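Shared between the two complexes below is chain A, which has chain B as its partner in the first and chain C in the second.
So, the complex of A and B:
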């Protein structure tokens, strides 16, 4: 691993040297022009990574923002005669405002609907550019866009323009680095991999997607403005879908989340057709073949390919985080609290239907502070629907859920999580390619008040991330998981993953923890270990609600039990009483079999 | 014997050296769209340029350098920037796509490099760039002849205009609408059609409802062929006067003679076999080399490049010399006589041709020389 790290360093330095020396070696006006254009497209691709790479949304409007910005620059510079500072700022602001406008209807959509809606934006702008001839010059476009002029000094073609454009590449790279490296970047990663899990960690995926969409648009605005000044004309070709395809190609070929991948992708996509133009008509086929070959050899992009052959050496964060300093908000001492008679969470007349099916029908019960309440019932009885309603994934049709005296029924998942309702999932929702420590630390996102603005202002040390990791390490230590804190979650056995998911929920500092089949897939010793941990949590005052089929596991664990059948609460009480309840027995084994058993 | 041999060898060497010393070497970048939506027109342009190089005046050693400009706005400018790096380049063939030419203009001006483009798009010669030479009549010229024919000869004034939503289409639409209104006509229906549209029955229904007495078209090859086919299929009996692309052999080849019956078009060229040896040579060599009849882009590019090569043969030794020659000299090409109007517009003749429905070759019905804009 150490050798790999050294090699990465060498390769990285060599790549930087190659990048810096490229325009020195290939320094004809033509080469400088191409390198400048590659810089413009590198900015576009870096911007696209925010929405496409960091949060995984296939937006097809990046080309539209690029072209729109170019038009704003072209109109203001060529027609109104404004200076670069004014046109540049106006182009970025216009893109961000357009993104805000678009995001209102579009960000509600998911997957291919989102892609199609964003594609439509570009088509509308293209039609406007062609038809609004008095403003845009129609299909011919607007020529005469001047070279940028800053503080009275015109940036000349060749080297000055190249350095000017690449200084913005550096700026975009810094913005990307700041976004990615901290707690905010971890949250983005969780949003991309599993938005439901993100919400359960009090992270609002919509807010993050919105921020990334706007940031993408703003950076596309930078690229579009510089493109207009570089080629000195704006035309509908800048809004053509081909620009979007080129941007997508750069991001995919280079790597979706690596800044240098975007730069490499842009250099390749801009230069490759130019290098191959000597083949006349065949160059398009050759260019496409080369790009396809790269994708076959490196489906994760050039950056991912490098990661594969020279893996990133995971720093031993367990030794770097301030593990010795105990986070101030962890419960003090290890004393035992007995369950109180104060309801911390009350469910009243909760009803949820799907079409004509009553998944939950008038369900009411309460969770007492420090108690372990088990929810049992046969398959399809409404247990998971109950948890999903309690955590805001489903909105109940009737009834209310009250947490600590406040109604949370209509709140969003992340708000409910922020108010202290943690959960785990029947099917694990950990981020496989993140370390155990970071999977857990990201739960501190809301507590640390991480935001994009704060991420931008973070200095060399990210104190929020350090605190989050420190907190996470303490939680992991409680579960005996601190030794594997640096391991990737994907490499862990199922039973350990269950514990990590619980630890992640605990890292939220919840007042109520909902566990959906936590013992599923665990062997007996793992179940016993898990039960011990859960009892320990309850003893420290945490309220637990456990959905489980495994009666043996629940027998000694639960202090209270409710049973659901066909969405109705059929029994509630102490476990020993529930096990004897006829209706419960009937629900599990059927009326006839129950009668036979009784006989 | 050995001495005789050495003498002959030395004499041959000397002769070959003197012959090569008399040759002028130059590189001609041919920057044309040979991929994408304009590949058909771009290939014609390339063929015309290649034939001009084959027919170059003796004593010129020419290296042709074909570069695809594609359809991206910066495609032509990138290629020109590369071309000007070659010291042997004194001028360049530029694409027919007006937007690309507009993007090339700053590069041409900064490098003082003449560019020759067979484009009709108005603004390319309206930027005050002395290095721009237009080989095709300005839309203001070709559309003036187009509308004069419709109003003066056909006596039709209620026009429906169909045009592509490209620079070429919009530019033609603008001039046709303006001129028609100046000559007392009116546009009763107009619609921009996307270059990729394959079906326009709804547009034709609206067009018929507007009851025009003539249909004017300004479209690229594939689009105009599609429109003519659908007009014929729909039994629309309204006279059609289109732009030059419908007069092109490659476009006509997409249709049946009956589809074209009564269809007329403005064009910048009319070549007749037997008119003169220069035209015959061009037609014979073009058809034998490329297996097709030349179209306007091929002919205009041939003429324009021959004019520039004549400049070099006449002693132009730098890009500036070529510019001066192109700006001030008159050149008789196979299609017409070329002379700059001071803005780089070299072509000023327009013809009207019509199909009679029996063949895919139109017939000349009207010639307009030295046309001026309204």
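So, the complex of A and C:
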């Protein structure tokens, strides 16, 4: 591990030196211009990684933002004669506004809609640019875009412009690094891998996608404006879909989430047509074929390949975190609280229909603080629908859900989670390629009030992330999982994953925890261990709702039981009473059998 | 007026071919084929060069175009879909975008950048029925489209192959369990889809003209049609195709239909140029998407959970 870390450092430094010496060696005006253009495209690709890499949405409008910004710069600088500071700012603002406009209808929709709807933006802009001749110069475009002039200093072509552009590459890289490294970056990762899990952890994926889309657009705006100043002309070519394909190629070849991958991708893609000049126009065929090959053979790109041969050394987090102070807001001690008679969560007349079928029909019951309530019922009786209604995944048609006096019936999943309803999933929803510690720590996103703005302003140490990890480690310790805090979730056995998911929900500091078939797939000793943990949680005042088939598991665990059948609540009471209830027995083994048993 | 209606119908018929092919692949693979627009370009250029070389009408050239496109569609599925079938859908999006770029660049290299005009399906003249003068190309487009859609329908609903194809689209795992070779079926679906798009290319190459860079525009119209009608529904795709055609034909002719509006508003003409009609279509599409994400006629699409 240590050797690989050292090697990474050496390779990284060597790559930086190579990058710096590139324009020193290839220093003809033409080469310098190419290197400057590579910088422009590196900015574009780094910007693209926000939406495409960090939250994994295939946006096809990055090229459109780029071309749009170039036009704004071109028109304002060449026609209106505004100076650099004004045109630059206006270009970025225009891109962000355009992004807001696009994202309102499409950002919430599934990925294919997003891809294709964003593809349309570029086409519309391209048509406008060609058609609106009086403003855009039509197919020929606008020439005479001046070189940038900042604080009265004219940036000359050649080296000054090159350094000017590459300083923006550095700026974009810093923005990307700040976004990625902290608690906000972890939340992005969860949104990309599992948006439903993100919502259950009180993270709003739409808000994060929106922020990333705008940031992508803003940085495309930077790149577009610089492009106009570099090539001194704006034309419909900047809006051509080829720009988008080039940008996508850079991001995929370099690696979707690595900043330096974007830079390497941009250098390659800009210089490839020069190196392959013998092939003339067919270089598009070559780059596109390379792109498909990389997708097939190395989906993580160049950066992923480097990570594979020189893995990132995981720092000994556990010890450093353990040394930090104990979070103050954890419930103190192991005190035993008896279940109270105060309802903490009340469900009243809840009804949900799917096309005429009552999945839930007028269901009412309450959860008492510190109780463990089990919901039982045959397959298709509406148990999972109940959890989905309670957590805002479905919206109930009638009735209400009241949490501690506040109605939560029509809130979104992440709002409900933020109010204190944690949940686990029947088919686990952990982020496989993240460590156990980070999977759990990300639940602190809301409590730590992480945001993009704050992520930008963090210094060398991200105290929010440290606090979140230390809190997560404490929770993991309660479940005896602190030994595997640094392990990747994907490598864990099923039973352990169930515990990690419960730990993650606990890290949210919920008042009510909903467990959807927690014992499924566990062997008997694991079940006993799980029951022990759940009883401990209830004893400390947490209210639990367990959906389960496994009667053996529930027998000693549940303090209260409700039984659903065909969406109706048919029995509610102490477990011993439920097991004797005629209607429950009927629901489980059928009417005739029940009658025979009774006889 | 009759001619306007006929134009709308024939354009809608041609777009239907595109939209049906797109939805067939969508249903079979769950993936969006972003090279679908490029099929139109390749088909159009094939038809144009064959027509110019052999001096034959489109209807005779059609079988060659169809079989050529089938081959290209099958090859595309082998290169861009098959190796990535178990990866996230985004990978297939990207690989089909790249395939589209490859197809269009190859067309550019083989046929050159200049626009081509394809042969008419039967002849270029017009027909006089009573008072109305009817364009033969428009009429034969409608007939050809109906014939091809009928053929596709017969293949899918009346043959064993069609049953297998539909089984794969319905439930891939179940189809595998029943011994259907899913990969071959998907390859055939891509082939049929490309053939339909190639036929549309043959039509467009004569009705308009075709250039190697036309792929994206056709891609977007196909997509708008498929979405407006309801994602994944064949009937919806046809309905959406006619809606797109109506926009494209009727919006630019509004100044002609409503001359008083041009008098009242001098810029009225500019607002309804052919270019503007594409922009209006896209804006209308965004509005539809905002208020009815399930499409105008379609079943609910999968929203993010």
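Assume the second predicted complex is superposed on the first by the 575 of 599 C-alpha atoms of A that agree within 3 Å, B and C clash if a C-alpha of one lies under 4 Å from a C-alpha of the other, contacts with A are read in each partner's own complex, and residues count from 1 in each chain.
FYI, contacts are C-beta pairs under 8 Å (C-beta built on N, C-alpha and C of every residue); 3 or more make two chains touch, one makes a residue touch a chain.
These numbers were taken from a predicted model, which means no experiment stands behind them.
Asker: Output check: A:289 vs chain B and chain C. Expected answer is one of first, second, both, neither. What do you get?
Answerer: second
Asker: If we overlay the two complexes on their shared chain A, which of chain B and chain C does A:237 touch? Say first, second, both or neither.
Answerer: first
Asker: With the two structures laid over each other on chain A, which partner does A:128 touch: chain B (first), chain C (second), both, or neither?
Answerer: second
Asker: Mind working out whether A:34 is in touch with chain B, chain C, both or neither, as first, second, both or neither?
Answerer: Only chain B; A:34 stays clear of chain C.
Asker: State whether A:138 touches chain B only (first), chain C only (second), both chains, or neither.
Answerer: Only chain B is touched by A:138; chain C is not.
Asker: If you stack the two complexes on chain A, which partner ends up touching A:113: first (chain B), second (chain C), both, or neither?
Answerer: second
Asker: By the touch definition at the top of the document, which applies to A:523: first (chain B), second (chain C), both, or neither?
Answerer: A:523: touches no partner chain.
Asker: So, does A:245 touch the first partner chain B, the second partner chain C, both, or neither?
Answerer: Second partner only.
Asker: Report for A:196: first if it touches chain B alone, second if chain C alone, otherwise both or neither.
Answerer: Second partner only, chain C.
Asker: Report the partner of chain A that touches more of its residues: chain B or chain C.
Answerer: C
Asker: State which residues of chain A lie in both footprints, the one left by chain B and the one left by chain C.
Answerer: Shared contact residues on chain A: 130-131, 242, 281, 284.
Asker: For the complex, which residues does chain A have touching chain C?
Answerer: Listed in rising order, the residues of chain A that touch chain C are 56, 58, 60, 102, 104-106, 108-113, 115-117, 119-120, 122-124, 127-128, 130-131, 195-196, 205, 241-242, 245, 248-249, 252, 281-282, 284-285, 288-289, 291-292, 295-296, 299, 393.
Asker: For a test of understanding, state which residues of chain B touch chain A in their complex under the given definition.
Answerer: 34-35, 66-68, 71-74, 77-79, 81-82, 84-85, 98-99, 102-103, 105-106, 110-111, 121-123, 127, 164-171, 174, 192
Asker: Across the complex, what residues on chain A touch chain B?
Answerer: 28-30, 33-34, 37, 130-131, 133, 138-141, 143-144, 157, 230-233, 235, 237-238, 242, 274, 277, 280-281, 283-284
Asker: Under the definition above, what is the set of chain C residues touching chain A in their complex?
Answerer: Residues of chain C touching chain A: 32, 34, 79-80, 83-84, 87-91, 93-95, 97-99, 101-102, 105-106, 108-109, 216-217, 219-220, 223-224, 227, 231, 273, 275-276, 278-279, 282, 285-287, 289-290, 293, 301-305.
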